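Both complexes below contain subunit A, partnered by subunit B and then by subunit C.
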Partner chain A sequence: MSVTIQIPSALRAFTERKSEIAVEAKTVGEAITALTNLYPDIRPHLFEEEGKLRSFINVYVAGKNVRNAGGVEAAIPDGETLTLVPAIAGGAPLGVRL
Partner chain B sequence: MTGINTRILDMVGNTALVRLDKIAAKAPGVTLLAKTEFANPSGSVKDRAAKGIILDALNTGKLTPGRTIMDATSGNTGIAFAMIGAVLGYPVTLYIPANASPERKRMIQSYGARIVETDPLESSDGAYLAARAAAEANPESIFFPDQYNNPANWRAHYETTAVEIWEQTERAVTHFVAITGTSGTFTGTARRLKEFNSAIQVFAVQPDSPMHGIEGTKHMASTLKPGILDESLPDGVLPVSTDEAYAMTRRLAREEGLYVGVSSGANVQAALRLAKVLPYGSVIVTILCDGGLRYASAPFWDVPA
Partner chain C sequence: MIRLPRKLDAAIRAEGEKTYPNECCGVLLGQIDDENVREVDEILPIDNARDDGEQYHRFRIEADDFMRAEQLARQKGRDVLGFYHSHPDHPAEPSEYDREYALPFYAYIIVAVEKGRAAKLTSWELKLDRSRFETEPIEPIE
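Then we have the complex of A and B:
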C-alpha cells in the first residue's frame, strides 16, 4: 500500500531536498524502514544505536500521534500520510516506543 | 526610599554565577561555573537580548507608538518580548513553530501577546520566514526585531553578560562555553571576553544532529545561519546529542538542585566534556539558559533517579 512520508526540513539534506517520499508499507515500522532503506544516511538521525526510534521524534499518521496508539505496529491506511516531527522538549507528546 | 525605585526591566541581568562542584567532581582542579540566567524576570537569558533590541529600537526610532512588535521565536525570546511589550505598552505578535512547548505558548499569551503557529515540519526557519514576510507586508505598523540578524542582540551580551563573568570570576575565567541558537549569547559574550583577555578560549555548543530536541538551538550546518553568527570566534565546536542534554538536565536537578531546561543541560554536558581535558586551574563558565518548568511536561524527566 502506498504511504506518503512527510520529511521535516531538518532531514531534507538526506532526501535530495524532497519534502515527501512515497513508500510501500502497511505499518509505521515498515514505512520508516523503507525510508531508511532508500536513504541510509538518515538512519542515525532517527534511530539510536540499538535500533530504537529516538525519544524526541514523534510519528503522526493522518495527523494523529501514534505513540500510544500502536507505535511501530500502527497500521497505515492506503494513501495515508506519515509525518516525522522533532518534538521540541515539552512540546507535542514526546517519543514513540517502536 | 531607594528601595521602591526598581522596575521589572531593571531586573534583567546581574545573575548569580554558581559553582557546579558535584557535576565537575570528575574533573579535579577545574572550576565549573554557570550563569543562572533563569533568574531573569521572564525566566530566561533572552531577557537580555530582548531588552537590548527594544531599547535600541526605541533610541533609533525604529519602534514608535502604535507599532506592533513581531518576531519569530521558539519560545524564550517571545516570552521576553511579551513581557517587555506588556511593560512598555506595545502589542506583540510572535510566530512560533506549533511543536514548541505548550508551557511557553501559555506564558506568551499570559503576558497578553498573540501567537501565530507555523508548520512544525519547517522548524524555526519556517517561523522566521513567515514572520519576516508578514513584517515586510506591513512595514508601517510592524517593528520586526529580527533577533537572528540584529546586532543589538549580541551587543546586549557584550555589554552585560561578559562584563559580569569577567568581574564575578575576578578575571580568572579561562574558558566560555555556550550553545548557539540566534548565537547572540555566544557571539557577544565571547567577543568581549576575548577583548578582556585574548587567551580566553570560547566554545560553541551545537546539537549533534539536524533532528534534535534541544529547544531554542540550531544545527548550523542544516539551517539558516543567523547573520550575527561570527564563525571566526569559536576556538572549537562541541556537539551534544539530545539524549546527553536530557541526561545532564536531570543530573543538574538531582545533584545540584538546579531545575533548568534542556539547553542548559547541553551547555553543562559540553562544559564537563571540556573540563575533563583541561589543565589544573582552568575556570569554565557556561550558561543556564532557562528554568525547568518550561519543560515540566516532557517525558525525559520520567527516567528514575
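Then we have the complex of A and C:
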C-alpha cells in the first residue's frame, strides 16, 4: 500500500531535499524502515543507538499523533499521509550561571 | 549564516525579558536560498510546555505546536528555519541538553537574559553527525 511521508525541513538534507517521499507500507514501522532503507543517513536522527525511535520524534498519521495509538505498530490506510514531527526541547546548562 | 530583521531581534529579546526568570521559546519562519542562507521573516512565540517548576532552565515545544507551525509555514510558502529560546542568567551558548534534543539544519537562536535584561543573542547549528553545535553569524537586516 502506498504511503506518503512528509519530511520536516530539518531532515530534507538526507532526502535529496524532497519534502515528501512515497513508500510501500502497512504500518508506521514499515514506513519508517522503508524510509531509512532509501535514505540511511536519516536513521541516526530518527533512532537512538539501541534502535528505539528517539523520544522527541513523533509520527502523525492523518493528522493524529500515534505515540499513544499503536506507535510503530499503528496501521496506515492506503493512500494516507505520515508526517514526522519533532518535539523541540532545550535549556540552559546547569551550574554555569552568569 | 542567518539574516534576522532588527525588529524580530528586538521581539525575541522582549520575549526573553517578558518570561524572565523563565525561558521563552518560539519558532523561526522564513526562507532559505541555494547557498544555505536563511532569512527569518516571522517568529511564532510558543507557550513553554515545561512544568512551571522547570521553566527557569528548560523549554519544550510540543509536537502539536510544531505541527501547526509546519502547516502554517507550508501555507505561506515558507519553511520552519529553526527556534529561539532564552537562557535566564546563563550564557547564550547551547547546553549539552540543547544538543541532545536538537536536529541539524535548524537555526537555534539563544538570547541570554541577565537579571531581567536581554543581553547577548547568538545563533547555532548542529553538525550533521550530531557531535556539537557550531555558531553561525547573524546578519541584521531591516
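Observations on the structure shown:
Simple rule for what comes next: the second predicted complex is superposed on the first by the 88 of 98 C-alpha atoms of A that agree within 3 Å, B and C clash if a C-alpha of one lies under 4 Å from a C-alpha of the other, contacts with A are read in each partner's own complex, and residues count from 1 in each chain.
Rule of thumb we're sticking to: contacts are C-beta pairs under 8 Å (C-beta built on N, C-alpha and C of every residue); 3 or more make two chains touch, one makes a residue touch a chain.
Computed from a prediction, not measured in an experiment: that's the story for all the values here.
Contact with subunit B, but none with subunit C, is seen for A:Leu46 once the two complexes are overlaid on the shared chain. By the touch criterion stated above, A:Pro8 is placed in contact with subunit B and with subunit C alike. By the touch criterion stated above, A:Ala25 is placed in contact with neither subunit B nor subunit C.
After overlaying the two complexes on the shared chain, residue contacts for A:Phe56 are found with subunit B and with subunit C alike. In the superposed model, A:Ala74 makes contact with neither subunit B nor subunit C. Of the two partner chains placed around the shared chain by superposition, subunit C is the only one that A:Asn65 touches, whereas subunit B remains out of contact. Contact with both subunit B and subunit C is seen for A:Thr83 once the two complexes are overlaid on the shared chain. Residues 8-11, 13, 44-45, 56, 58, 83, 85-94 of subunit A lie in contact with subunit B in one complex and with subunit C in the other. Residues 23, 25, 32, 57-64, 66-67, 70, 79-81, 83, 85, 87-91, 93-98, 101-106, 108, 112, 114, 128, 130 of subunit C are the ones that touch subunit A when the two sit in their complex. The touching residues of subunit A, counted against subunit B in their complex, run 6-11, 13, 19, 44-46, 48, 54-58, 83, 85-95.
Within the complex formed with subunit C, the subunit A residues making contact are 8-13, 44-45, 56, 58, 60, 63, 65, 83, 85-94, 96-98.
Chain contact summary for the complex, subunit B toward subunit A: residues 74, 97-104, 120-123, 125-126, 209-215, 219, 222-223, 242-243, 246, 261-262, 294-300.
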